[in-house]
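Just below is one structure, and these are the notes that go with it.
The first chain written gets the first letter, and so on, giving A, B, C and D; residue counts start at 1 in each chain.
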Amino acid sequence: MRTGRLEAFSDGVLAIIITIMVLELRAPHGASLGALRPVLPHLLAYLMSFVYLGIYWNNHHHMLQTCRRVTGSILWANLHLLFWLSLVPFVTSWLGETMPAAGPAALYGGVMLLAAIAYFILQQRIIADQGTDSLLKRAVGSDWKGKLSPPVYALAILAAFVTAWISVGLYVLVALIWLIPDRRIERVLAGETD
Amino acid sequence: MRTGRLEAFSDGVLAIIITIMVLELRAPHGASLGALRPVLPHLLAYLMSFVYLGIYWNNHHHMLQTCRRVTGSILWANLHLLFWLSLVPFVTSWLGETMPAAGPAALYGGVMLLAAIAYFILQQRIIADQGTDSLLKRAVGSDWKGKLSPPVYALAILAAFVTAWISVGLYVLVALIWLIPDRRIERVLAGETD
Amino acid sequence: MRTGRLEAFSDGVLAIIITIMVLELRAPHGASLGALRPVLPHLLAYLMSFVYLGIYWNNHHHMLQTCRRVTGSILWANLHLLFWLSLVPFVTSWLGETMPAAGPAALYGGVMLLAAIAYFILQQRIIADQGTDSLLKRAVGSDWKGKLSPPVYALAILAAFVTAWISVGLYVLVALIWLIPDRRIERVLAGETD
Amino acid sequence: MRTGRLEAFSDGVLAIIITIMVLELRAPHGASLGALRPVLPHLLAYLMSFVYLGIYWNNHHHMLQTCRRVTGSILWANLHLLFWLSLVPFVTSWLGETMPAAGPAALYGGVMLLAAIAYFILQQRIIADQGTDSLLKRAVGSDWKGKLSPPVYALAILAAFVTAWISVGLYVLVALIWLIPDRRIERVLAGETD
């Protein structure tokens, strides 16, 4: 199987996931701007999930560019990742509706943790298939962001039962870490390799 | 007509079907993790249908790769398959909501049976178009999975009226049969051919 | 603009329209097979609209294959067609919910009539752009199906106010006329041209 | 990253946004044509947003055609644009439900203003990346439409608190300005350049 169709299918699913989330933003019951207030947490939860899915789409795309062929295990590892990401609209909707409740904030982290693990498994399947001189392995490098995210998600899940705002803060933090380009760090690392 | 656009359209429809199913997972009414309990059967039904649609997407893709041109009958056989698959979100939602009720469990099997038949018809149309030396015919081989599934679906439909769990068990069994790569069997068959 | 992206965008919109219609098929309130009865008219309306959109996708694809470049007027004629087709889920849902009521049956025909006119306008824009030796003009030929459909839709709209079943019968008839390949007629016409 | 996948993803998201809006057009509660009356403002709001999204899709496509490579900042500027456009179904639904109320009419303009600014930022990122001899910069030209729209949106937001009809009129006006091809103006400008 060529990677083209896997990429197109994943893009389709990600585009749909990112867009149907907006269906959870129901029109407020009143007609005044004040009626928007209960929609606000939904909107913020939507924004956070939109950024997460954008990051996944971006990283997924770069990962697949190093990939020349699609084996059965890569295909199912990819569907496994899409499964957890497809639950993002559900947990986003619950988080937006109940903020700041412990359960939904913890579940959001749970889905994020499982998606991160699924992403890691997919990465390992591609590296294993590429053999000893894996292009992806070199591209991923130390992958400190990928290694940092799961423990932060785990921490956020626990923190949810203290106060949900801490865990949401941690989710925002992880998103920011992925968003901000780390050229300085890359240069440092590049310097160390010299 | 080139197969490219048929493939792209089918991919689009399958990506949408697989994703809109998650819209049936409504945010629970409470804010505690316990409020998730009524969502659990929905989630399990969603997981099962996600796997089924993943299998269909995978098989559909492999089948179309052997196909060089799209005739009118191939095009409509493909739309016929997509029609039954498009009903999966509907039967999944009903199954998740009523589990373990006889009717929805039987209807789920009915749609799966009709989708399997539609898949078989599509396969036959492509083989017929490819003529005596059909690449797809050789690729499909004995197709024991394709032959086994419809009778199991039929059995599951009947079993639903005894107890719905048996039929759901059978659906899971068929999904697992398709998921697990059958290299050993292939080797045996390959050995027999020698 | 290349036709590729117009085709891909139209395919995307058509794939989504055809698939989100199934969201109108809500899970029945009961758990028995008898609870499916109120869903039945929805299902039949869905089937009819699915076939119509399949026919449009098929014809649209063939039309665009004759088209080499996309002008501004072709682009907007195409969006105009997609607009009327995007209303199909809405009129299908209303028809399925109220069958056999006059208003929804007439509105269904109204949207079909406007979609047919939009399709005709798009066809004319492409033919006009291709100039005197238009490939599409020759491919379309006498286009008796395209000429027959609008008056039948108009008749069905009027018939709806007598009894809605007549108009639904006419919609099914038009769909069948498009579905059945007219090779015999084509041969007759081909014979006449000799 | 090639522009191909960015284009395909953006097309997918835009196709979904434009289509899921129709899900807000719920089947009327009655069965008579009169029952359509409360749906009418929804339908008109849908039509307006459909045209806006069509214009965005069209302009976005032309802009990306001048673009050879996708940098990180172009990618996120594009996702930023898609974020604001993804809110269009939400504000359309609220506008259709409450017309002529001040709040929703103002919010519609707010989202349009932010989408226009996001489009401008994306344009600037591409121009900056193309360097001094930017193809896009020349193609955009004086961009009087792009410069006119934001102040009109701002005016419409203020006007909403006088009467919502003025602001909706201004939104329609901006859409018409973008829709009508300005060949005469282009010729004048072309003449001036001679």
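Keep this in mind: a contact is a pair of C-beta atoms (placed from the backbone, for glycine too) under 8 Å apart; a residue touches a chain by one contact, two chains touch by 3 or more.
Source: prediction; values computed, not measured.
S.K.: Moving only from a chain to one it touches, give the least number of moves from chain A to chain C.
M.R.: Minimum number of steps from chain A to chain C: 2.
S.K.: Taking all residue numbers used at the chain A/chain B interface, answer same if over half belong to both copies and different if under half do.
M.R.: The interface of chain A with chain B is built from mostly unshared positions.
S.K.: Could you please state the distance in Å, as a whole number, between where the Cα atoms of chain C are centred and where those of chain D are centred?
M.R.: Taking the average C-alpha coordinate of chain C and of chain D, the gap between them is 28 Å.
S.K.: Could you please state the distance in Å, as a whole number, between where the Cα atoms of chain B are centred and where those of chain D are centred?
M.R.: So the centre of chain B lies 39 Å away from the centre of chain D.
S.K.: List, in ascending order, every residue of chain B touching at least 2 other chains.
M.R.: 8, 12, 16, 20, 23, in rising order.
S.K.: Tell me the shape of the graph of touching chains, choosing from line, ring, star, complete and other.
M.R.: Graph shape here is a ring: one loop, exactly two partners per chain.
S.K.: So which chains actually touch one another? I want all the pairs, not just one.
M.R.: A-B, A-D, B-C, C-D
S.K.: Tell me, which parts of chain D touch chain C in their complex?
M.R.: Spelled out, the residues of chain D in touch with chain C are 7-8, 11-12, 14-16, 18-20, 22-23, 25-28, 31-36, 47, 50, 54, 57-58, 61-62, 65, 179, 181.
S.K.: Under the definition above, what is the set of chain A residues touching chain B in their complex?
M.R.: Of all residues in chain A, those touching chain B are 1, 5, 8-9, 12-13, 16-17, 20, 23-24, 72, 75-76, 79, 82-83, 86-87, 89-90, 93-94, 97-98, 101-104, 106-107.
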